[in-house]
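After the structure tokens below, expect a handful of questions from me.
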């Protein structure tokens, strides 16, 4: 598969587990890897997505500017750690539609399918919904029809077609600080019309797993492992001082990914460091992408921290899978 | 067109405008035409849809039972005024999917397109969304894939394909007593996958037209007139004592029905009678269907009253169109 | 048993089921039996309780005055239909405590146990909680310790001790228009200290029985029938225009009344008449007492209507029991 | 005083107290005196103000049109019962300012001071505030500077200067369905600049007088009686089904009208009739004006009912004063 | 008294007031004494209780696990600073009831009375209420009937019987992030049935002491001093960015502890350090226990910080008492 | 002009822009300049105002005490960096009124006009409104009539009369954590009566400038520059974890200051440092005063940080003006 070939070429970022740690997922010691002011106009750079590209990596980055307008920018890196992010946001041409209105763009994900890099993001069209675009080269970009009616957030494509159709996870929302949120799956024959909507997994009961009891949303593009699709997702608890976002993992059935086989009862990572607990929105860990190598059994998870900076965590795929199975909700 | 042929065969219900009235739309003097206990199990019968059928009329009725469970029932009438409603709710077989889950069904609309009667309704699938079904004979019914992700209400199909595709109006919602609501349009090549979502019209500013300033939703199936698609819709104001639902009309462009050509600034009908102001939910007028005759220049509008009973109002199509143009927002 | 002896002496109010009705519970044709201004000071008289007493009946009545201060008044009747209500509220002496603070009193229930008439009500002590009092003669009254900490409403005593202890149903609340509410059971050896709190039944899922999906509360004093304790209760739905209160029934296990054997999925009575739908708080049916005759298989249910007047409904005990079993949630 | 001279000329509307009534204030038997559709464009006519004028009476009426836009209209009557209301809203010229923006106008009051009729109303200027205008003849109207910053409602002028300054009662609000509201007094040397703001009276504790425990607002122009300024006001309770508006009275100190001498604990009138309990906003009594005769000891109170129609109630001034003193909060 | 004997045996943790400080209560310089990951499974360890036990100290600790499930664990320490906390939560056997359901357990307190250590905690039984248990040895534990109906939090027992009865402070709550909260006192003859509920102290007016104006709750077990019962409590202000929890003290009457003799207007400690301001719930100081020596005039206050870690503060009892008297609200 | 003369005398605090910075406004490297415990009683010192005075500077400081009571204190400094703040709050004598009630005082501003220093603050009079006072010497203080009815915050006077009248910016509010807020202008001939209220600028649309999309309020006293009045203001975004306050600038027309000529789309400063992000209310930058020198083209901006401490930022006036013009919303 094309994607796996790419993985072989690129050496993903990596740092061994600290000596004193038994955690399944551990933080990069030099976090955050992208600071809030990494480009001149930026107020914050977070909730961003990366993929292997050519000899290194490319990415689509959420850079809120100092007017706190949300937009997405292309960027490039040789090692996945140091990033050159364009100083101007991505400009889209018309893809499968002329209607490419966008009041704002945020929280992008990127996936390579067949012949191109597909980008999904939260697109402002009379409220948040899921925007879709693609690029072949991270230079020229094309915007397609929005996938869904408003209100929706966290649209994440599977990296290959399932039963001949594109498949996307998303989280139906409302027009504000949505206090609810579950993960759904939808299919499309053509990236234009979507249907066969299925509820995949819901926020958990408070008693069972409180960190994910208010809302949940898909994070990074699912990774195909032996057990199925490994999905990193975020879960939210509504504390008396606001929402706290943590990270967990789930394994979905390979052929029927609306079936959840396993799902972590404990979180993999919760906001505990200063850069996760202090910033524009405190106590947020928000994963949007991974770089991974099946062969090397490694994954590097990119996540937004405190809605302000971009950070990195590492793990062994096999350990995450085992942990997910052994600690399933 | 098949639909127009049917219209010729059936004599729609009619009552002349009262002598002392200058209203564009006037109530039937024997309202409500369907009482809350018209079938043994019913708590209320309202927000229901009717179409010409064979020698007379058929319909799909929202009958909440005395446990206040919401479901839809088939019914038949010779004159459109007296209705025989089945005592058991509609049972659906599998249409274009085996996934026909439904926690509840309410607020149906019915439309004849090409070869069959399509039914849309608010379908309970992890919250309200738009269910789709069809029948050829109002005896056997088939349920299709839900059109959209939750949360949505008030899905109304156009009575013919537009540019070769099915077209549906709907109102994205949230999972409760949604305090917002605008009308969108979506297209489908096959009644299974939907896309090309467009915002059609929004709740109005309070200063301009307060009766429709909180939310709006499509009502009856649009009627094709010379000026475009005549749509009866409901508008809602959020008073200090709750929501009040009234009825207005809009004319959408024939070929691009996401373009609003005219839209009534005044309401056509607001809750003023006892059966509209007193009931399970006071102060509600909720139109779901019309019977009309282009040739006779008549329309009979069926509407739910106070979420309790079904009522009828009349008007001349040409007058409603003129009123909509002359009093456009 | 003393209570049954009393029942034999008094002829409870009764009116046969209307000819055209198949309802299990039907309204008195001369409702409301107590109007809002039945005593000079009253703004409204509703949510009141009656018992057999001497040759006729006595009662404790919630009479809000024209300052809309809530208090309870004694009253007497020969036939249960025409009531002489005292013009001054009940004055309590010290019962098992000197602490008989009461900012307000409302929604009384009355029960004869062993040697006296026990009264429970919603008592204002830093918010609503359950007040307890007793009388031997409806002339002299004594107030005891509040049963519970605030916040609580709808305290209803069982008419006899269970396993040697007093038993009370109640509904924990908050300090406002509580949007939740379930029925609990508590025991006391002495009417002073309470414990062994058990959850009895909860508001139902919306899909199963929407009229009781927001909150429920015990209504009248449970009646011991062969199947167990027959309890009339109220259930509430939160509509977009406020709360609607209806009436249902449940049968609790005779010896372990925290076990619900049956519970009506449909309501027995919902607000449908003008005096139930129009008043200080529209759309409220709130049962607080019954008069019943096991031998004659009759029950007369007293309920507050629209928080304004007092009304009466009738039924056959055996039919209500059968209906509860046959239509159990 | 000019105003008293006028009172002698005009015979105010009157109807004796019903034989069976002991109420201090009683309704007109032919209520409502102005129906919702009294002019062709109107959806509702309510919360309106009248004054003696020439041989009869003039008034300023809140007529919401069928777009539910709020505006004020002039009207005239010979007997105070039958009113000719202009079909077009009042058009204002520039008074003491060129800035006469007005997104909407509602709830007018009218007062004659010195040489002209002053009108105050709720004026839409970036939200509700108090608009001021005047007329000499009810034909030509002039608009002045708004009295206050947003957000405010229920501005009511005293009918004469106090200590050489204009004096106005008002109720600071917020930008929605304000859940709070107290009555304040402000002074102006020139009807342009306002200051010396004083809190006059506040919503009452729930336990003391629940009908006025959520918010209160000045109603009609105060009437100078021996005891001071007699003010009819509205009080509001927030029930579980929305706000209920009732009417009370207070007596303010003649020279220091921020001092409340007496204030009714019971209401004078609460929503009890169909036209008060059913309409666009159920359960509203909202007094805006009186016609009165000190000599004849009569007052006719005009009030909006259910935000839909205009109604009338009567009383003897001396009785109302005595009732206010005897039943003071 | 047994308790005082114990106090003599054990040397409580202590650190002198910093040289530059005049604070009545000061922090331990090595705070936090228990980190969030002190046991392998823990997400956070906070809001925990300790007592003198054998040669050293024992405690019951709130350890939320990484699924953010709340439970209580036993632990032991020689010096009160370094703690060995069991890796498995406490398992309770049946105490005075078989009904020992518990959806979750949090915020424990521990008190020695007569012959055993009583533990109270917030127990999940259809919402939060007060759970009661006991142990003789911190190895075997027994659970009793819940003290109260839901919803309640912060149940704190007095360390000896008062007038022959057990006495407990608690804070009635609702089922969410309760925005209100006052302290009540209840009595029990037998730890099973509770009554004689009294309001002890309420949240203060904003103007008088804003740090405790939203809600208050009992903290540590009251300490008997000459002036009465010294109670450390928490007070909460609702800022525009959430709740902030601080610590104060009050002195209750020795024999009638529902009488508040003194209560600090200023806080004793408010969130100011990083470990109090940053964590799972920022800006929280939550005292649950003290170790104290009357003879040495010392108290060590254990408190949860930021709902994440456990910290320690010190003071002289006599100074705290004096401060409470001198700065009483 | 007197004010300019003063400016010449005093050397305002200054620190050059850091070498690596291109920011228009930069922080003082020794921030915070006033710590939370700078006087013995203080819990926090923030949102305070300073002016040139005699040889140095004087100021009025918001010092919340440890009961979190809000009050204002006078203070003095030679260099504007080191401040001696009185240990007792300002005591006011009667200015133009005897009515100088004040439940609390916070967020002061100070302006020299004509012959004295005027102080405005948020004054507690039945809720927050704008208090006014003056001093000649910062020793004796006089309180005047409140400018407006409640509810209002952030009253800021212009430093000279405009068209012969005093002019004040303010932000109408409600009685809680107001979720809205726009800036208005009012005039007064005499500092007692206020009128000619004009809306100056509103919170921005989310899409255009999210940091100021929830509410805005005037900050420091406007500075007269060639382009008009330079106003430093605060803007607020309502995140899912509470409000975040940032700083921007606007230029108002010199003669008609209700006309906004320019207004920054980006913020000038947003909460990013620990002392801005951690404290009693995290993520708050709240400017209340400047010291500036037109001749030297310098401004020192004083702002409260995290509602806890006082900090300082610097800029060149000409650069801020240019930035405001070049980046205007």
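The first chain written gets the first letter, and so on, giving A, B, C, D, E and F; residue counts start at 1 in each chain.
Everything below uses one rule, namely that contacts are C-beta pairs under 8 Å (C-beta built on N, C-alpha and C of every residue); 3 or more make two chains touch, one makes a residue touch a chain.
Keep in mind the model is a prediction, meaning the values are calculated, not measured.
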item	value
For subunit A and subunit E, chains touching each	F
Furthest chain, CA centroid comparison against subunit E	B
Same vs different contact residues, subunit B with subunit D, by half of numbers used	different
Subunit C onto subunit F, rotation angle from CA fit, given as a multiple of 5 degrees	180
For subunit B paired with subunit F, centre-to-centre distance based on mean C-alpha positions, whole Å	55
Inter-chain centre distance, subunit C versus subunit E - centres from mean C-alpha coordinates, in Å	40
Residue list for subunit D, restricted to those that touch at least two other chains	241-242, 278, 282-283
Full enumeration of touching chain pairs	A-B, A-E, A-F, B-C, B-D, C-D, C-E, D-F, E-F
Footprint of subunit D on subunit B - complex, ascending	22, 207-211, 237-242, 244, 265-267, 270-272, 274, 277-278, 282-283, 327, 329
Contact footprint of subunit C on subunit E as seen in their complex	97, 99, 125-127, 129, 145-152, 170, 172, 174-175, 180, 182, 184, 186-190, 192-199, 202
Residues of subunit F defined as touching subunit E within the complex	36, 40, 43, 64-70, 103-104, 124, 177, 241-243, 278-283, 307
